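Here chain A shows up in two complexes: once beside chain B, once beside chain C.
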Partner chain A sequence: MPIIVNLDVMLAKRKMKSKDLAETIGITTANLSILKSGKARAIRFSTLEAICKALECQPSDILEYVKE
Partner chain B sequence: MKNNTTILTVITYAVLLSAVSILLNDLREFDLQQFKEFQNWAKTANKSENWFTSKNAIKWSYYAISTGLFFWRAYLIYGFTYFLSILSEVDKGHYFSDNNIKYFRKIGNIFIAYTINVLVLRFLLALIGKSSFNFFTEYKAEFTLLIPCALAFYLLAEIFKHAKETKEENDLTI
Partner chain C sequence: MRRNIVFKTLIDILFIFQGFGILGAFLIMPFGVTKINQINLDVSEWSVTYWSLLVLSLIAFVVFIIGVFFLRKVGRYLLSNQYFAIEVIDNLKKSGRFFIYTGIISFSVFVISWIVKFNSGNVSLYNTDVVLPLFITIVGLFFLIQSDVLMVSKGAKEDNDLTI
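Take a look at the complex of A and B:
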């Protein structure tokens, strides 16, 4: 898929653990793992909003379009 | 849901057991009433007579077709056992599983195969007995209702296939 999820990068920048982020935004670590690995088919605006709020970033910091 | 599937499983078992017992009883009656007669006839049958043009062919065909009819009835009962498999999947919470889609298709196939084969065998029986065979009269018989049922099962299989895809999509939406 040409959409890359840079959640790992943002987590490293904010020095935050996946487990903590999952707890903060209210999703399971399994679902966060699906999102990080790029296996997710879609992301809800509410989840994106919660991630941006927790990591103090913009959606573009997490999602990136790369031409195939 | 658990209670409903348990009730449905019990009903399905009851239907299956009664269908099997009716089939076994018919087989027993067939043996007792007709097979002895057939055995007696086989002992006295003229073996030098040409097989195809003789009564031999008619008698053997009659028994072969009757056996075929019993086989297809047993096959239909086997088809009904897939309901138990579906109920078991539902009980486990696997509503839109690949197995359920496969079982719905199999039930559809069995219903269609049963109806077509029984129609063909009835036609052959009428041919051997030199009685009249009217396709539309036969087609009005109750067992042909299985064709729309089979189509309904194919439709269910398609609906479940789409439901499975939608569920997967939903599960992978974070």
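Take a look at the complex of A and C:
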């Protein structure tokens, strides 16, 4: 898929663990893992909003379009 | 869940009884234990048409049992609530196809026997023998449609499961 999820990069920048982020935004670590691995088919605006709020970033910091 | 158990049990009973039926047809009939003189004629006087009717009926019977066999496989997955398993979709489609074949063969048996009766001047305008082949064909078609619906639902479920 040409949409890349850069959640790992943002987590490293904020020095935050996946487990802590999952707890903060209220999703399971399994679902966060699906999102990080790029296996997710879609992301809800509410989830994106919660991630941006927790990591103090913009959606573009997490999602990136790469031409195939 | 209880409905699934009842469904699987009934399908198992149907399969076992049909299995006994086919065993009886192939093992008992040649020894003359059961008479197959259904057309008020002794077997030795049967024409090719009567024999073809018997063979076609047996083929329809076997094809129906195969359809029930695939339905049993569906029931096995329904017991564990795996409604969207690919095996359920595949086996439902196979079962539907075999039921349609059964309906078509049974209908051709009905048509041939109707022609035989017509030629012997013993014809009836309406015969309830045609209802069962029609119903089996309708059930088979419904299984095919249901299989397609499950396939679409499976995609929608995966989309839903992978939406974070």
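Heads up, the rule we're going with is that the second predicted complex is superposed on the first by the 68 of 68 C-alpha atoms of A that agree within 3 Å, B and C clash if a C-alpha of one lies under 4 Å from a C-alpha of the other, contacts with A are read in each partner's own complex, and residues count from 1 in each chain.
Everything below uses one rule, namely that a residue touches a chain if its C-beta (ideal position, glycine included) is under 8 Å from a C-beta of that chain, and two chains touch if they have at least 3 such contacts.
Bear in mind the structure is a predicted one, so any value in this text is a computation, not a measurement.
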Partner chain(s) touched by A:Cys52 [first = chain B, second = chain C, both, neither]: neither
First, second, both or neither for A:Met16, with chain B first and chain C second: neither
Contacts of A:Asn31 with chain B and chain C, given as first, second, both or neither: both
Which superposed partner A:Ile43 touches (first chain B, second chain C, both, neither): both
Overlap of chain C and chain B interfaces on chain A (superposed complexes): 27, 31-32, 34-35, 39-44, 47
Chain A - residues contacting chain B, complex: 27, 31-32, 34-35, 39-44, 47
Chain C residues touching chain A - in the complex, by the definition given at the top: 158-159, 162-164
For the chain B and chain A complex, residues of the former touching the latter: 168-169, 172-174
Chain C-facing residues of chain A, complex: 27, 31-32, 34-35, 39-44, 47
